[in-house]
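Input: structures, listed below.
Shared between the two complexes below is chain A, which pairs with chain B and chain C, respectively.
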Partner chain A sequence: MNSNSDVLVVGSGPAGLFAALVAAQRGKTVRIVTQGAGSLAICGSNIDVLGYAQGQRIDEAPWAAIAQLAPEHPYSLVGEHSIRSALHCISALCAKAGSPLSHADEEKNTLVPSIVGTLKPSWLCPASAQGNSLLAARRVLVAGIEGFKDCHPALVARQLKRYPELKQASFQTVNLIMPPQPRKRTLSPLDVARFVDSPEGLAWLCRSLRPYASTADVLVLPPVCGIEHSGSVMATLGKEVHCPVVEMLSIPPAVGGLRLRAILCRELAALGVNIVENATIVRAETAGKQCLALISKGTGGERRYTAKHIIIATGGILGGGLNMSPTAAQESIFGIELPLPEVIEDRSQEAVFGDHYFTRMGVQVNADLCPVGADGAVLFNNVHFVGRALGGYDYATEKSGLGVAFATGWAAAHKV
Partner chain B sequence: MAKIHYNPDACIACNTCVAQCPVAAVNADFPGPRITGPASQRFRIMGNIDEETLHFCANCKNCDISCPHNVPISAFNMIARAEFTKKNPFSLRDWMLSHGALLGRKLGLVPAWLRNVGMLNPLTRRLLDMLGISASAPLPQFAAQTFKQRMRTYPQPASQRKVALFPGCYIDLYDPQTGLDLVWLLNKAGYEVIVPNNFDCCGLPMVANGFMEDARANARSNWAELSSWCAKGIPVLTACPSCNLMFNRDLAEYFPEIATGTAALRDAQEFVLECVERGELALPAPDPQAQPMLYHAPCHLRAQGLGLPGLSLLQAVFGKAVRNADAGCCGISGSYGFKKENYGIAQSIGQPLFETITKSGVALTTSECGTCRVQIMHGTGKPCLHPLSLVRRRLELQH
Partner chain C sequence: MNQATVVIIGGGATGIGILRDLSMRGVHAVLLEKGGLANGTSSRFHGLLHSGGRYAVGDNEAAKECIEENTILRRVGKECVEETEGFFVATKHDDPEYARAWVSACERAGIAAQPVPVAEALRLEPNLSPNISTVYRVPDACVDGFRLVWHNAVSARRYGGTLLTYHEATGIEQANGRVCAVLARNCQTGESLRFECSYVINAAGSWSGQIAHLAGLDVQVSPDRGTLIAFNHRFTSRVVNRLHKSADGDIFVPHGSITILGTTSSPAPSPESNRPSSAEVLRLLELGEPLFPDIRQYRILRAFAGTRPLYSAGSGAGRSASRGFHIVDHAEEGLHGMISIFGGKLTTYRLMAEKLSDLVCAQLGVSTPCRTATEPMVRPPSAETLAKATKYFPMHSTTLAAHRLGEALETVVNTMDAEPEHPILCECEMVSLAEIDYVARDPDTHSLHDVRLRTRMGMGTCQGTFCSLRAIGALTERNVPLNLSPTEDVAQFLQERWKGVRPALWGTQMKEIMLGRAIYAASLNLDGAIHEQQ
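Our next item is the complex of A and B:
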């Protein structure tokens, strides 16, 4: 079977879904082929743009630091206009879906607490976070949920207190008790968020938090404020509880990314974008500098997908877009060789957030996001790489994951 | 049974499958695919596990669809369920639900109206309920004549171009009209349709209910039959997503010794699309007056990596009037939602889909899978037809 479209996107992580959406909004026929649900199913909904540069936390506008990034960094390649447009576009989508995102301040990063009590500089956060209300607070309530293995309010409070920004604040902690108690599995934020999506769940959360509104300036919670209805949950909390609520970043199964995923998927369905799920692209047919078709493996044999333009959003090692063995590193569809330090020890460093080769490893591209070889020459004119498949950045250290995914997705959708 | 040792260590514990499992989403007692699949597999290899929660798995495959590392999660669950079924008391209910074809053949001598009266009257439903088949579950009705019976007298133009059809139990016993609509379309595209006698149930319901050895026996004879048609160059089609999944993906996972060679069952909707592409079947331009309808993508279709050819066909003839409901699993998963202990779970899973349909105000819905359609009609009160039936209607109206 041969299927044709203007644009073919491989991968359904944030970069692929967003690139497909923007291309479809621009009137292109788009098809997505993907294996797996992509990392939105496990990541947070805070859109990081740039949290650290040269080891320094960026509290103010990240734009000056972005301008200083190396020329091969994806941000340098797509430019500030693409980054801003992408963020504007995703904000508009979330607002339209009733789950608005907001900045702390038009031109500042927001410090978001994590479930282990660290502060992460991020850019767009669920609007309920009401900017840096945590930092402005004198009295902080950290609430966990009875039965959560991964969130200990006392630990979070102790850790947060170590930050100079929160030295003056007083902390109280509580464990809320969710009425429906699972019997055979450990409670996760996902369970609570799903409960809170229901009217009973929302009423429970309002009832549980209200008593603290008079004794705290901010309520810090795990990400439990709904998934499908997170927008109206946040709005109701605002009306009923009268105290800003800040959600902590949590570990998978996470909630925030699922919110974004639901919004993107709904919009894609409305735009008539077809998604071919559970299909792995196994190879490419190329002629000179053109990719003619991608071949997938599914039931009953192979299928051939043709398109004028191809966007590769297959992620890194985790997503399956890059492969590394002791002797070689390759991009997984076209087999583009990635330079690899000879000595294994040189591929990583001792410090966890050190300058590792493997976390920056990825496909090198030009300003059109087309892959280039070691000599800088374009490999394929109609293939554009986006998201974590790209080299030249380290999202975990920089805190730039969703920012790069959306900015490059937006830029690629404008090249097709 | 041959021991298949998939390596559970391909799992990186990312929890994507847990976030996407429809049963885990509505039932807090199910630990979810990561635990019952790869994580438990390590203990199974050591022979040290209680399978307390395995029965919750609906075999819907959403875990497999979402996993970034191709871990055969649902296969872990089903193989473990087979082991469990072997070691535990026999369930008449599960046997009945998974041997519908056999029951259908045995009941075949009784007229359909009597069979339906027999199966669907309140007294029988009470009895079935006592056996564990929920009295509220939407059991489908037997057709007056099976698809195979109807095909014996169905007039077809002879043609050199032939295709064979694997109807699947649902179309054969309950929904012959969908099968006839497919035959009509294939005839129109210039094909003569053969319905081979030797195909039996694909075996997926047997696997889902733990009867792996029965499924193996069916797989053996079905695969031989399929291979013989393929060897003659005659494509074998099915309009049922679950049968297709069983033949083309699951058999290789459970019975790699049987599913050898290059034989493959073909998705009928994809085949019809190819007929259009080859110029064998002309489709009318999208009908601007078409009434709005919602399409539901069966999970077992989504699991196949072949996209949604039925939706593409519908979009070709109805244009924007048809939209993908994109509201997740309908909950039924074959016989899963018929079971008393699962009926509530199945209804909760289907709720977002039912709500999407109800709120949209459409009067018509469509989906390839027989039991999805039964569940959608049960949950929304709206008719739900196979895409091929709607395409046929549109083509007939044009003339």
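Our next item is the complex of A and C:
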């Protein structure tokens, strides 16, 4: 069975979905083939662009630091214009969906709190993650939900106090009690966020928070302010509670990432983009520097996909886009070999958060995001790599995951 | 001023075994351990409770000791032992002559070795290679070394024994040819202490050469490094040994939900040399492949290494050096009251403690006989507590928790009874918040790492990715004091896990590392916070 489109996108993480969306907006016929749900199921909804460079926290806007990055960094390859355009595009999309993204201060990264009481520098934040209202507060209320295993207000308060930025603040903590729900597992932020999407849940949240509005300057919560309707939930909280609410960054299951995913998927559906799920690309048909087709294996057996342009957004090691054995590292669809130090110990450092080789390992590409070999020659003219399958950056320590995903997704969509 | 009749140095199985034995005989003893309990070799081995089969051909006396002690431990320490039985398996490439010699050596040592038809063995252990040729069944078992040490410690305390972890011996004082005191440093506070005593027992295992040196004695203990791999699942239900002349990488031991493959053997520069290398991991996989052909596809949880204390009184090294034990009364060298115990293996720790305690008691004129071979180590929880526990745990986890905690299960279950929620924090190993709370409050618990060793929290599939964060949050919420800040504690925990995966940085275990980085670095910025929090 054969399916044809202008653009074939492999992978449905942030880079894949966004690349597909931008290509479709540009009038292309687009199909997405994906194995799983992608990394939006484990990440947040605030868009980190660049939080650290050379181990130093970037407090100002990220642009100056971006200009200093190594030439092989994906940001250097796509350029500041693509990054800004991509952010503009995703902002417009989120605004249209009723969940606008913004900066509190155009000149600065925003520090957003997490459920372990750490602060993370981020750039574009939804209304629910404007960390500045926390830093400006003298009286902070940290609220958990009774029954959460992963969020403990006492821990958050104790940890936040250790930041010089919050030394002067006073903290109070509370665990909100959710009305009993039929459930068979431990309560997670996802359960509460779904409840808050309902009118009854939203009323409960407003009712629970209102008493604290008079004694606190900011209310810090786990990410529970809805998924499908997070924009209107935040608007209602603003009207009803009269105190800024800041959601903490959390661990999977990811409420924030799923909000973004919902917005992207709704827009893709509106643009007529078809997503084929549960399908793994097992091989490529190539001729010279062209990829003619990709073959997938899924519930219906093998299928052949042809397209003029192919965007690979299969992720890194975690997503399955890259594989590593003791002796070799490879990109998983085309088998592109990645250079690797021979001695295994040379691929990493002794400190867990050290400057590891393996964290920056990925496909090398040219300015069109087409893969190149060790000699710099293009391997395939009509294949573009986006997101974590790319080498040259460590999104985890530099805090650039969604920024690179969207910037490279946008850039690739403009090469097709 | 601290006083004791006996100061024992070393908190591994041997030292704690001696502390318990002496305490049970009414001898006042204090044990000093420079790290956490069992932080040396007793928690860094394969966890095989030998039937003796492995030693039958090479050292029949050691094999006899093993089968006797194996039988005793199953009885008195059943909470630490899983009676899996073991297979000795020869492949078509192994020498059939050795198998014949082995069978008669087992008979001489009193080890029941019964032939198992290959088809039956493959039915019981379907992951074994179809290319095996001969299989025997022996009474091998699995032992949790850390739990064994811990239960000995609880029992020793009950008999009045004193246990001081994170206390390093720094000097041994002598007067007129007799030891008179041990100097020590509290590693947590830096405080110096002096313990007056009549006897010093050097039970420091791989470190015993260094301790002897404190008393001006020169003994030959060479640390020998053994590296092992823990796999993510239980691919064998039994201990599997290769039926050939004992060598590297020929023992597979299931523990709970995981399987351990060991061991390598190479001279170590120091007893602390416990960082596994990728070359060792790859070699173990290669050596393990003839018995379990799919082994390279299995996910590795971690590699780890320990050092064996091989006592070489002149000759022999490595695997050929004696695994038997040696008690040396340094009175022969002119220092009375100083006794060292060298060599040995975990299976025979109780016998070693008994023989050493016999010697001390004889000199002290204490005639109370040893009771460790007959008196159960653990006081089990009451039937009522067990019944109550099943309200909160599935049946299997109730048994696991009862084995870990003994009668302390009652405290844990009462905590659960008193609270509306009873969360399981470590879902891989089924460890409840109540148990983590109980263990964290113990005076000998200082960090999440200590909690991990005692409860097995973070030892399973997720390797602490989810539960370490939960535990630190819950403990902070409940005001349980720990030494480190939450950020440092979680970072230390992750660092320890990283050390174990780094030499196996490929395949599916690498995905788990990447997930950990996505959560702890990308989402939570723990790496940045370490430098920014004050």
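Following the convention adopted for this analysis, the second predicted complex is superposed on the first by the 405 of 416 C-alpha atoms of A that agree within 3 Å, B and C clash if a C-alpha of one lies under 4 Å from a C-alpha of the other, contacts with A are read in each partner's own complex, and residues count from 1 in each chain.
Convention: a residue touches a chain if its C-beta (ideal position, glycine included) is under 8 Å from a C-beta of that chain, and two chains touch if they have at least 3 such contacts.
The shown structure was predicted, so the numbers you read here are calculated from the model rather than taken from an experiment.
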Which of chain B and chain C A:3 touches, first, second, both or neither: first
Which of chain B and chain C A:162 touches, first, second, both or neither: second
Touching partner for A:330 - first (chain B), second (chain C), both, neither: neither
First, second, both or neither for A:381, with chain B first and chain C second: neither
Chain B versus chain C as contact partner of A:279, first or second or both or neither: first
Partner chain(s) touched by A:42 [first = chain B, second = chain C, both, neither]: both
Partner chain in contact with A:150 - chain B first, chain C second, else both or neither: second
First (chain B), second (chain C), both or neither touched by A:252: both
A:297 touches, of chain B and chain C: first, second, both or neither? first
Doubly contacted residues of chain A, that is, touched by chain B and again by chain C: 39, 42, 252, 318
Contact footprint of chain A on chain B as seen in their complex: 12, 14-16, 18-20, 24-25, 28-32, 35, 52-53, 64-70, 244-245, 247-249, 264-267, 270, 273-274, 277, 302-309, 311-312, 315, 320, 323-324, 326, 352
Chain C residues touching chain A - in the complex, by the definition given at the top: 277-278, 282, 421, 423, 425, 466, 469-470, 472-474, 476-477, 479, 485-487, 490-491, 494-495, 497-499, 502-503, 505-507, 510-511, 514-515, 517-519, 521-530, 532-534
Of chain A, residues touching chain B in the complex: 1-3, 31, 33, 35-39, 41-42, 180-185, 190-191, 194, 228, 252-254, 258, 265-266, 269-270, 272, 274-280, 296-301, 303, 315, 318-320
Partner chain C, residues of chain A touching it in the complex: 39, 42-44, 48, 51-52, 57, 114-121, 146-147, 149-155, 158-159, 162-164, 186, 249-252, 316-318, 324-326, 343-345, 347-348, 350-353, 358-359, 395-397, 399, 401
